[in-house]
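One chain, subunit A, links the two complexes that follow: it is found with subunit B in the first and with subunit C in the second.
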Partner chain A sequence: MSRSWTLLLLGSGVALLAALPALLSAGLLNASIQMLIAALFACAYSLLAGRAGLLSFGHAAYFGVGAFATLHAMNAFAGKGLLPTPLLPLVGAFAGLLVGLVAGWFATKRSGTTFAMITLAVAELLHSLAPQLKGWFGGESGISAMRMPAWGLTFGSTVEVYYLTLAWVLLSLALLHFHGRTPLGRLTLALRENGHRLKFLGYDAHGVGLSAFVVSSMFAGIAGGLQAINNEAANYVVFDASVSAAVVLNSYIGGVGSFLGPALGAALMTFFGYAVSDATRSWLLYQGMLFVLVMMFVPVGLTGLFGAAARLKARRGWRLAVSVSALAVVATLCAAAGVVFVVEMLQRLCSHDYRALAAMGGSWPPIALFGRSWPPGSVATWLVPAALLAVAGLLGWTARRALVSPAVPQPEAAAIDGQEALT
Partner chain B sequence: MRDSLPPSALRALPAMVTLACLTGLAQAAPVKIGLLETLSGPQASTGQSFRSGVKYAIDKMNASGGWNGQPVQLIEYDNQGGPAGASDKLKAAIADGVQIVVQGASSAIGGQITEDVRKHNLRNPGKEIVYVNVGAEAMELTGEKCNFHHFRFTGNAQVRTKALVAGMKQAGTLGSKVYAINQNYSWGQDMERAIGDNAAAGGYQVVEKTLHDTNKIQDFAPYVSKIVSSGAETVITGNWSNDLLLLMKASKAAGLKARFGTVFLDQPGNVANAGDTALGHFIAHAFNPEAGGADSTRFVDDFKAKTGHVPTFVEPQAAFGLEMVAAALKATKPQGGALNVNAFAKTLETTRIRTPMGEVSMRAADHQVLMPFVVSVVAKDAKYKADGTDMGFKPVKVFTAEEAAAPVQASCKMQRPD
Partner chain C sequence: MDTIFFALLNGVIHGLLLFMVSAGLTLVFGMMGVLNFAHASFYMLGAYFAYTLQGIVGFGPAVVLAALLAGAVGVGVERWFLRRVHHHGHAHELLLTFGLSFIIAETIKLLFGNHPVDYRVPASLDFAAFSLGSQQYPVYRLLMGGVAIAMFAALWALLTRTRVGIVVRAAIYRPRMAEALGHNVQLVFMGVFGVGAALAGLAGAVAGAFYTTNPNMALEVGVMVFVIVVVGGLGSLGGAMLASVLIGVITSLAVGVDRSIADLLAFLGARSWAEGIGGLLTLKVSSLAATIPFVLMLLVLLVRPRGLMGEEA
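Our next item is the complex of A and B:
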């Protein structure tokens, strides 16, 4: 893609983000804030996991430290605040940097599994220490603070918080992107590719790893600070392993290989949690399924799909690319609908309420789902998901056939290559 | 998210809007109650228990006419088990027009919600919301964090321990040496303090106190050997879930003769898991179906008819709490067709209802409910069996709300609206 196209796309994306408060309801706008924060956290994480090749399992530590530091800064000077509200994420950045420096110094002495275990241990240490240190982390109920008016803004409304978050996230993403262009950023890439060779070339591999760790934890601290400003509270649960796990999941679903992949994955999964968690009790199951499927079939992440489509167009022309993509999308939707139907039916069938109802009535009453009622004992009910899955299979098979029977045989058309170029 | 409308609909739009406004004046939006509970993840079963109690009471309220001629709406939000998720969903609930939020599982989430509610009400005068807490028992919610728009419809460590100690003393099983073992976080620390505070009234000496990690210990044998060597006759613990179960099993294995005084032994599955180990242990809880005579039986039968099971664990307290909310709603007149939350909160402060256990009222000073507590012992001759075993909770003594009450905490400085 040419440079002007990229700039145009970026510009319209930012313009859309800036226009969101006028387009969305208050609830969705708050979800957007969460998506932005998760996106920044995932991008900060993928600097370490994607660019430096250091898989950290405890990034919640730096996110949480940033959040708590920001809250303490908000409460400083009898609630007046250490800094004006818009500058508070700086405190989160500083705290993330400091803790990242200490933890990272130990962690980056090793790589691979040992590195992952050390980061996990650091996060668990904080998670079990935090409830005991009531002065620092506020015990179980946590610490709460209030956003103070600054620079003529009250920060009482979601819209003002949204713009504050947006400004910080865009600035941070720009800096993270810029980091990849600096010599240090290129060295970080070299560390991922071959640390030994880097050492033989005379570079300080530990120092390069540490710098990546520190930069990553600093931006994670900013994300934590933004969350603290948005929620005006935090408690030791932010150190929970599930927070660390979520950022790994988000980054890999989006694709750690590309710069905006993790951001996309995080925004998508956060919105998924927001929208689906109230609609169904099985949302964690769906999230897990999505992760497994992405890892199995698109190991480069969802952003890899765009690259694959672009390569297909380049090799086989846009006509085939569009038809295969459309077939794949419809097949995916059909498969998803079929699976959702089965899972939701089973979930209702096994629920406490339904078993009570069945026990009282003596028979199996129909189950209300998607605005209709389905008798669970009838074959017709289960034919619906079976038909959906069959259609999905048929479409998938058709798409595959179109791919493997080339009109003009080409040598590299056999498989879609896994490695995305780092941009 | 905007569908384009056909031209005819566009022309009819002004008329539709006018009509909507007129009907809006005649019939205001119904009261929306948001249930902000943990409905997924590892703590989901507790969240589901609160949900079924709340749903039972609201269905009952709607069956008797709802509020202002309309059924009350219950909207469920999954707080995903954490304070950050609860904070998000609270914002979503406020955007949906919810005026009353209900939550119970976890004091950490309760602490987040009560602070968020306080800040929202400070920033949005005239659009207040109220937090109905049916299960978060941390002392500070009615202490340092006490808040005019927070109401607690459950006991706390002081209330539960006071009832437990008095009940066990009357049953003659308390002894003079008590061992306090609790989980090391706000709830366990509150319990430990309460066990010490009740020593004089119970006529016992706390021989040793232990705080341990929450839900992380697999083998309680070292703790049990400490209990054995301390010579304690009774172990009082605020432990719940696995920590309670593993502690009881380790005691049985070590041949410990001491009785257990607990507060969460009635969590579904506990008695079945513990088996005979549970026999003879005590619990202080909000409801025992055997204790309240015909009223109790009527409540239990009705609950069972609606939900398919006998109310246990936190379901009764959630149902009673929401029945109080319903009574206060009934006594609050609509203003301009809508609910004035401050007027409702003031009414709730003076609401008294009768539950099968006795009279329940709200204390205006700190918004801690005054409710009866019952002390029961696990026995084979209990009328209602737990978890499909041959054991159940046999009531020992019912304490009235006044007898069970603990004093208002000095740290509570409530800001009241004019």
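Our next item is the complex of A and C:
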């Protein structure tokens, strides 16, 4: 893609984001705020995991510290003086930076699994301490604060909070992007590729790793601060392992190889969570399945698929690229529909109410799903997902054959070495 | 005195149980260099398998079958998931197991509901072994400890006294050399992964009846198992045993200590200073019991990253 195209795409994306409050309901706007925060958090995380190659399993620590620091600042300054409400995320940034500096100093002395374990230990330490330290984290109930008016804005409506979040997220994403262009950002990449070589070239590998850690935790702190401003409260649950887990899943589903991949992954997952969590209790199962599938078949992440499609077009012409992509999309949809059917049926079959009903009636009553009722005992019911999965398999096989047919070197390898092409 | 004795015994037995879960993980970690995030999920699977089978075949056979089933799942995971992403590197394998642990936990919630299930110690094993003072000690706890010790002995004997053990250890320390000598290292990986999963499943089947069996039990044990593997040392069974018992005893004893760091500083005449600072210094040790293992883990990682009994990397 040429430079002007990229700029055009980015510009329209930003314009769309700016126009959202006029287009969406209050509930969806609130979901958009969550999506923006998750996107920033994922980008901050993937600076460390993607660009520096340091897999952290405890990034909730810096997110949470940013949130609590911001809440304390909200209470202390009451929207006046040096820190009016729009500047409060700076406190989160500073807190994230400070804690990141201390934790990162020790963690980045090691790499690989040991690094991951240190970050995990730090986060678990905070998580287990936080409910005890009532002065700092408010115990089990947490602490709360009020958004105060500043700069002629009341921050009473979701729209104003949305614009505040959007401004901070866009600024932070721009800064994170430019970090990759600076010499330090290039060194961070070098650290991922070969830390030993970096050392032999005379650079301070520990310092480079630490800088990546600190920048990452600082932006995670901003994300936490924005979350605190949005919710006006936080408790020790923000340190939970599930928060650290979510950011890892989001980033890798989106693809840590590209800059916006994690942001898109996080926005997508947060939106899915918002939209689907009301419809089904199995939302986390779908998320886990998606993650495992991405890890196994598209290791570069979902955004990596675009790159793979572009390379296919360059090598084999657009006709084949379009037909194979279409086949793959339809196959994926069929497979997803089949799996969703089975999972939802199982969920209803295994639910407490249904089992009680079945025990009482002595038979298996039909299950209402997707606007129809399905008798669980009949073969026809289970033929539906079986057929969907069979179609998916057939289409997938056809797409694969089309790819492999005339002399083309290893289509699967092309998908894998996308990692290098993307970064 | 009685309370300390009971706390000590409980700590040791809890530690032994933790060892059962971490033994498989430490072997896999030593062999493949991959921390298997899904390992504690096998512990949970064991408990749920045993709970399901208990009504059909009875308690004893259910425990054995549950361990075997968990092992079979482990073999499947290695064969069809881990091996496929092996060439992408360690980080990828780690992330994959991370996703699998998610799927297993959510599937359990889907099938059994998001609440504890009624899996308990059978009446025939539910009596007191001995009593000391006014307290009685349940025989099932001793049984759990006994199973763990028997397992440690069997594993140790298998690894150090048999031909299979020689091949496994060779594959752990020098996989390429073992392969060059004509041993099927892939098969060894799969076997060790399966045995590790089966041991975790056994621990789950045995412990699930005593503690609660719920969809969060993998999370509760999961992090502690990492602590043990890290503190004990890469691939060292003895280290895992030492770390498990250490952590079991420390947390068990810490729960009973009603003192804070400020009380300790009082000996130096600094009590009022410490109370003035507040925060960490005035917290009672008992409320820090959950924190101590992580402090220990951080210390070990920083001071001696290869662990208490690990080999020099």
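In the analysis below, the second predicted complex is superposed on the first by the 403 of 423 C-alpha atoms of A that agree within 3 Å, B and C clash if a C-alpha of one lies under 4 Å from a C-alpha of the other, contacts with A are read in each partner's own complex, and residues count from 1 in each chain.
Quick note on the criterion: a contact is a pair of C-beta atoms (placed from the backbone, for glycine too) under 8 Å apart; a residue touches a chain by one contact, two chains touch by 3 or more.
These numbers come from a predicted model, not from an experiment.
**Q** Clash or fit: subunit B against subunit C, after overlaying the two structures on subunit A?
**A** Aligned on subunit A, subunit C clashes with subunit B.
**Q** For A:G27, using the defined touch cut-off, is the partner it touches subunit B, subunit C, both, or neither? Pick first, second, both or neither.
**A** After superposing on A, A:G27 lies in contact with subunit B but is clear of subunit C.
**Q** Based on the superposed arrangement, let me know which partner A:L284 touches: subunit B (first), subunit C (second), both, or neither?
**A** The answer is both, since A:L284 touches subunit B and subunit C.
**Q** Let me test your reading of the model: by the given contact rule, A:T113 touches which partner, first (subunit B), second (subunit C), both or neither?
**A** A:T113 contacts subunit C only, not subunit B.
**Q** With both complexes overlaid on chain A, does A:D353 touch subunit B (first), subunit C (second), both or neither?
**A** So A:D353 only meets subunit B here.
**Q** Of the partners subunit B and subunit C, which touch A:G156 in the superposed model: first, second, both, neither?
**A** first
**Q** Answer with first, second, both or neither: which of subunit B and subunit C does A:V238 touch in the superposed model?
**A** A:V238 sits against subunit B, while subunit C stays out of touch.
**Q** Based on the superposed arrangement, let me know which partner A:S128 touches: subunit B (first), subunit C (second), both, or neither?
**A** It touches subunit B and subunit C both.
**Q** I'd like to know which partner A:V292 touches here: subunit B for first, subunit C for second, both or neither.
**A** The answer is second: A:V292 touches subunit C but not subunit B.
**Q** After superposing on chain A, which stretch of subunit B overlaps subunit C: 3-11, 147-155 or 219-227?
**A** Residues of subunit B that run into subunit C: 219-227.
**Q** For subunit A, what residues appear in both contact lists, the one with subunit B and the one with subunit C?
**A** 128, 132, 281, 284, 352
**Q** Across the complex, what residues on subunit A touch subunit B?
**A** My answer: residues 23-27, 30-31, 34, 128, 131-132, 139-142, 144, 146, 156, 158, 227, 231-235, 237-238, 240, 242, 273-274, 277-278, 281, 283-284, 352-353, 355-357, 359-360.
**Q** Please name which positions on subunit B make contact with subunit A in the complex.
**A** Against subunit A, the touching part of subunit B is residues 1, 39-41, 44, 48, 52, 76-78, 80, 82-84, 87-89, 91-92, 94-96, 107-108, 110-112, 115-116, 119, 123, 138, 140-141, 145, 184-187, 213-214, 216, 305, 307-309.
**Q** Applying the document's contact rule, which stretches of subunit A touch subunit C when the two form their complex?
**A** It is residues 53, 55, 106, 109-110, 112-114, 116-118, 120-122, 124-125, 128-129, 132-133, 135-136, 241, 245, 248-249, 252, 281-282, 284-285, 287-289, 291-292, 295-296, 299, 343, 346-347, 350-352, 416 of subunit A that touch subunit C.
**Q** Considering the complex alone, what residue numbers of subunit C touch subunit A?
**A** Per the touch definition, subunit C meets subunit A at residues 33-35, 81, 84-85, 88, 90-92, 94-96, 98-100, 102-103, 106-107, 109-113, 219, 223, 226-227, 230, 278-280, 283, 287-288, 290-291, 294-295, 297-298, 301-302, 305.
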